[in-house]
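Two complexes are shown next, each including subunit A; its partner changes from subunit B in the first to subunit C in the second.
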Partner chain A sequence: MGTLYEDMVAYGGEVFGKEHMETLRECVQCGKCTGGCPSGRNTAFRTRKLFQMALTDMREEIFNSPELWFCSTCYTCYERCPKGVKTTDLIRTIRNLAAKEGHMSVPHRMIGVYVLKTSHAVPLGPAQMELRKAVGLDEMAPTAQKYKDQLEQVQTIFKTTGYDAMIDFDWDTMNLKGMDKGGKK
Partner chain B sequence: MSEEEGTKEYAYFLGCITPNRYPGIEAATKRILKEFGIETKEMMGASCCPAPGVFGSFDMHTWLPVAARNLAIAEEMDLDIVVTCNGCYGSLQEADHLLKGNPKLKEKTNEILGKFGREFKGTTKVNHSIVVLHDVIGLDRLKEKITKPMNGVNVAVHYGCHFLKPREVRGHGSSETPYILEDLVKVTGAKDVDYKDKLMCCGAGGGNRTADSVQSLEWMRQKLVSAIEEGCDCMVHPCAFCHLQLDRGQAEMNKAFGTDYNFPILFATQFLGLAMGLSEKECGLDIQTTTMPEKLLK
Partner chain C sequence: MAEEEEYDYTKIPPTGSVEGIAAGAPEDSPRIGVYVCHCGINIKMVVDVEDVTRYAASLPNVVVARHYIFMCSDPGQDLIRKDLAEGRVNRVIVASCSPRMHEPTFRKTCSDSGLNPFYYEMANIREHCSWPHGDFHKEATEKAKELVRSAVARSALLEPLEEKLVDVKPEALVIGGGVTGMYAALDIANGGYKVHLVEKKPSIGGHVAQLSRTFPTLERVASLLTPRMIEVGAHPNIDLMTCSEVEEIGGYIGNFDVKVKRKPRYIDMEKCKDCTPCIEACPVKDIPDEFNEGLSTRSAIYIPFPFAVPPAYTIDAEHCLLLKEGKCGDATLETIKEGKAVPPCMAACPGVIDFEQKDEIEEFTAGTIIVATGYDLVDPGVSAEYKYGVYPNVITSMEFERLLSPGGPTGGKIELNGKEPKDIMFISCVGSRNKQVGNEYCSRVCCMYLAKQAYLAKEQLPDADVKVAFQDVRAFGKGFEEFYGDVKTEGVFYMRGLPGEIYKKPGSDRVVVRGENTFIGEPYEQEADLVVLGMGLAPNKDVKSIISMLKLSTSVDGFLMEAHPKLRPVDTATDGIFIAGCCASPKDITDSIAQGKATASGSLLYLVQGMAKIEPAISQIDEEICIGCARCVDVCPYGALELDEVRHVMTVNEAVCKGCGGCNSICPSGAATMKHYRDRQVYAQIEALTEITDVGMLAELESAATAAVAAEASAGAADTGSEAGEGEGAETEAVPGAE
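Entry: the complex of A and B
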């Protein structure tokens, strides 16, 4: 493990390219990001502050702060940054690193459970089948929720990348570990 | 792609919210595109896109191959994709963009897809349904089919975020001065009304709704109030995920804040559908939370 900045460049760089990540060092703390942030208007989330904390390697403080998850990834700051800092992609990268180190809420982990069980983050249920019929559609669209072999392909991806382990998914109960006993890890 | 003889086909990537919560969006979109000779083909085995701000925030290395698998399904059909959700648009277009620009990433992704015999080649194009309406069908042809003009209806346009931004990937010009939805609203005879929080996010994305729903509903409340204050009759948007937040979210908001809002929310093809003579029922507007006023249905 390097500094948070080094880890961001290494990890995010694989997906976005290193130069994309290195824009963090261009930040001049002008605050234009925070100024246009819809979350900043309503919560204690401060984009400018987050980037200063990232550059000064305040990893634990960032990872332990609930505000890290109050960015809606709206890209307003990304579009407006006068220095071309790739803000939203940097925030997503920080969140990836936080998640890898276990900082992921149960409701966020549950979204992965829905996809692992049905291939959809928002699955189809009996009530929605009726809605579909009401507008003249088949009760079930031919998505991976309908076909076991297709769903297994999605599950294979999650197993290969270790997403199942990251959220503590239990393949026997098809839920988060301990959730069948009403427990919350 | 079969563009000859005026017929065109798209692989319709449904995502989650459209087919599983708001099938009216799916029905209206299919009906309208068909009206102009455009066929939408089902994507057998497609999954969640997966949500760009959610799975992209948790693990990009899972987000990317799941998106690439969906792209590969359309490639196997030899068709371009059309979507009705900004989340799907965001994920699929960004994944396509990243994979095309990074051979190493593509190789790594295809190693995973190869486990079940699939491959991302980079041969499909991800289109948003409102761009198909605006650019492929065009405003002139749309106008010819307007049988129930929306004269006197004041519309608050809501873009959502991932349709316009980041502009370097989306390619729809400035995210601060958009025009596509405004044009689609005006072609019906309705008035496009500017309002304070027009370009603000609905509050749902990036896992924010899941992280703290009441806080995320407060952004939406501010947005709705700013549209209502300008005398708007309804909100028209291009995103199934925003629809969930803006429509069902009003019931959650009324419960959380003790308010009594019922501000009509319509996906772009539902609004156009009404103006083209489809019924409230055919557009699925009778099976959602917010109700349609007489003004929109007459």
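Entry: the complex of A and C
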């Protein structure tokens, strides 16, 4: 494990390319990202500050703060950054590193639960099924949510990659472990 | 590596010499002296200069090899002078830095001692050896030896060349009548030489004429500029051409042939009295006034601004009904001719307006050219989040200048739609220092003009809330930092952080600026009724034709490129052509004037002497061989080659040729060669570098290379590919299907 910056370049570099990740060092702290952040308007998410914390290697503070998960990945700051810092992709990389070390927000883990249970992050619910029926369609769309053998394939991928363990998934209750006791960090 | 650690450059003495193997060679044969420079420690800390010296002494035709701590110093040059004076050497090689740095120095050393300067050769063992290969002492030393070897091989084949002189027409052309061009023209004109000053617009003065006051001294620009403009307009040595554009430039230093198109003003400038009845009469009155950045309107017949020079009206052919549509009221060009109906302007001012005026082409010869074509303001639409053009509250800094100007649309009052703003926000770095909009550079003037504008806003509206949102404040000039302090003391609040976006306050005509105060680390939403965008400066889009006519280069940022960014800031790659002011990079009035005057000085250098040296290392046609096919004409970027129809051979215009070598490489018969870069000189160099002395072998290699790239991969080439593939670490491009 190196500094957070080094880890971001190494880990995120595999997906986005190293140069993409290295743009973090070009940040001039102008604040245009925070200033235009739609999420930061309603939450405590502070993009510019997050990057300064990443550059000063405040790994634990970032990983333990719930704000890291408030970015909606809308790419507004990415489009506007005057220095071409690949903001959103950097945030996603920090999240991946945090998740690997067991820091992942409950709502994000719950999305994993949906995928494990239905193979969809946003599965068809009763209301949508009603709507489909009303227009003369099959209640279920012909996707993995409908076909159990396909769902099993998705679940196999999750098991093989260890994603189920990473989000603390309980195969007995088909939910996060300890969710009945109000959830775990 | 242990071996590399053994090299200790501190043990190398400051100087030393070795007698060469050709010490006894006859006087009339090439007798080469090699001088290896330490460049202080720049070269010797990596390259073993003693080893290189010993090696040089072992090369053919070398009479003596010396090394010295600083060859460019006087004692260093004395080593060369002494050897030349004693008749010991007749060829000189200095192994030191780039020829761009010191070739002129050592050529002069040679010519001062009576040796033809083209017998001088250079090996670059600093930029090519010690600097890039700092961690590889051994390899860098070997490379230095190879470069010296190739220089020695070439040196023996050099020929003396004579530098030619051309006459310089004692007149200068200045393109652009902004503050930079004005000062350049004035200095040359005051020096006693004629200047042709070409300005595209109807008046000189440029962008500076639009400004309210200067920073940091807060002087009124109009009062500073007007006397200079009048001086330019009235100067007996200045041929002022307004409404004019350069159409064509040919020729070379001292003798540039220039064609200028003068567009008609449709006004007899001698008779125009600068009064107003024609304006009142003109039926077209809704044209956005360029001088006021579109904040007011003008008629089709107009004067750009009250202190315009020349002080004459112009008819805008793009908007004048008679010129655009052929009819104004009952008047047409025919009715005017027939003496029947005339347009309202002619009726209001008889005998001055002349619709028969046409474009005129003026031709002249200029000895030197100064390009001072200025800048364009960045398009404020590039940062869409600031909503310029969407909300009227958001204006550019140039528009704000016009609001501040006593001659502006509001008479100098800061107001928008007749209302005084209460909350004013200035935003810095709009369109500069921004990769997303493609302008990575800093525009240099915005920090200070925003400070000035904020100060003037606070001065005029003491109760207004004036804030500047910035990312850095660069107050680097004389008096700038002090001024920045004063502005803040006056009550202008500087808030760090570039705003993220601007939106309309619901149910109000105000806007909300949203950003982060990065010092506190929290976002804010600040209401404002006026937002001023600190626009950056961009390269002038209208000068593309001048760039191509003069063969100028541009830097990555799009501004014109100087010959050297540090040492030759106003010169270009072409002798006799200079660049000054914002066409080269953004700069303030002070720096623009300084550059304008610098180019005047550069021009006067040639105008005063009346002659200029031209490069002798240029193309030469062997008329015995030339078949007059003229293929070289197609590749010559300077138009230096011409076919002599009578003798059917090509001729080189020696003043125009820049020695690029294009004709040399395309000539099918080998008739076109480059002086100082003869084929045999270049081949000797390559052969020495590759240690191939057998020319037959070189020819073999050439044909092998040709075969390898041939479309049909022959069996022979495939063998080469597979053989190379077996070798350790070979990086030969394998031929597909070879295995």
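By definition in this document, the second predicted complex is superposed on the first by the 173 of 185 C-alpha atoms of A that agree within 3 Å, B and C clash if a C-alpha of one lies under 4 Å from a C-alpha of the other, contacts with A are read in each partner's own complex, and residues count from 1 in each chain.
In this section, contacts are C-beta pairs under 8 Å (C-beta built on N, C-alpha and C of every residue); 3 or more make two chains touch, one makes a residue touch a chain.
Note that the structure is a prediction, hence the values are computed from the model and not measured.
Engineer: Just subunit B (first), just subunit C (second), both, or neither: which does A:116 touch?
Structural biologist: Neither subunit B nor subunit C is touched by A:116.
Engineer: Does the superposition put A:163 against subunit B (first), subunit C (second), both, or neither?
Structural biologist: Touch status of A:163: first partner only.
Engineer: Just subunit B (first), just subunit C (second), both, or neither: which does A:88 touch?
Structural biologist: Touch partner of A:88: subunit B, not subunit C.
Engineer: For A:24, is the partner it touches subunit B (first), subunit C (second), both, or none of the two (neither)?
Structural biologist: Once the two structures are laid over each other on A, A:24 reaches no partner at all.
Engineer: Check whether A:46 is in contact with subunit B, with subunit C, with both or with neither, and answer first, second, both or neither.
Structural biologist: A:46: touches subunit C, not subunit B.
Engineer: After superposition on the shared chain, which partner residues are touched by A:79: those of subunit B (first), subunit C (second), both, or neither?
Structural biologist: Touch status of A:79: both partners.
Engineer: When the two structures are laid over each other on chain A, which of subunit B and subunit C touches more residues of subunit A?
Structural biologist: When the residues of subunit A touched by each partner are counted, B comes out ahead.
Engineer: Give one of first, second, both or neither to describe whether A:34 is in contact with subunit B, with subunit C, with both, or with none.
Structural biologist: Once the two structures are laid over each other on A, A:34 reaches subunit C alone.
Engineer: Quick one: is A:104 in contact with subunit B, with subunit C, with both, or with neither? Answer first, second, both or neither.
Structural biologist: A:104 sits against subunit B, while subunit C stays out of touch.
Engineer: Can you list the residues of subunit A that touch subunit B in one structure and subunit C in the other?
Structural biologist: Overlap of subunit B and subunit C footprints on subunit A: residues 41, 79.
Engineer: Using the touch definition up top, name the residues of subunit B that touch subunit A in the complex.
Structural biologist: Counting only subunit B, the residues touching subunit A are 14, 16-17, 19-21, 23-24, 26-27, 42-48, 50-62, 64-66, 69, 98, 101-102, 105, 112, 115-116, 118, 161-162, 165-167, 175-176, 199-201, 203-208, 210-212, 215-216, 218-219, 222, 244, 281-284, 287.
Engineer: What residues on subunit A touch subunit C, complex-wise?
Structural biologist: Those in contact with subunit C are residues 28-37, 40-41, 46, 48-49, 77, 79-84.
Engineer: If you look only at subunit C, which of its residues touch subunit A in the complex?
Structural biologist: Counting only subunit C, the residues touching subunit A are 383, 385, 429, 433-437, 471-472, 496-501, 514-518, 521-523.
Engineer: Under the touch definition given earlier, write down the residues of subunit A that touch subunit B in their complex.
Structural biologist: It comes out as residues 12, 14-17, 38-39, 41-43, 66, 69-76, 78-79, 88, 91-93, 95-96, 99-100, 104-105, 107-108, 111-112, 115, 119-125, 128, 131-132, 134-137, 141-144, 147, 149-154, 156-158, 160-161, 163, 166.
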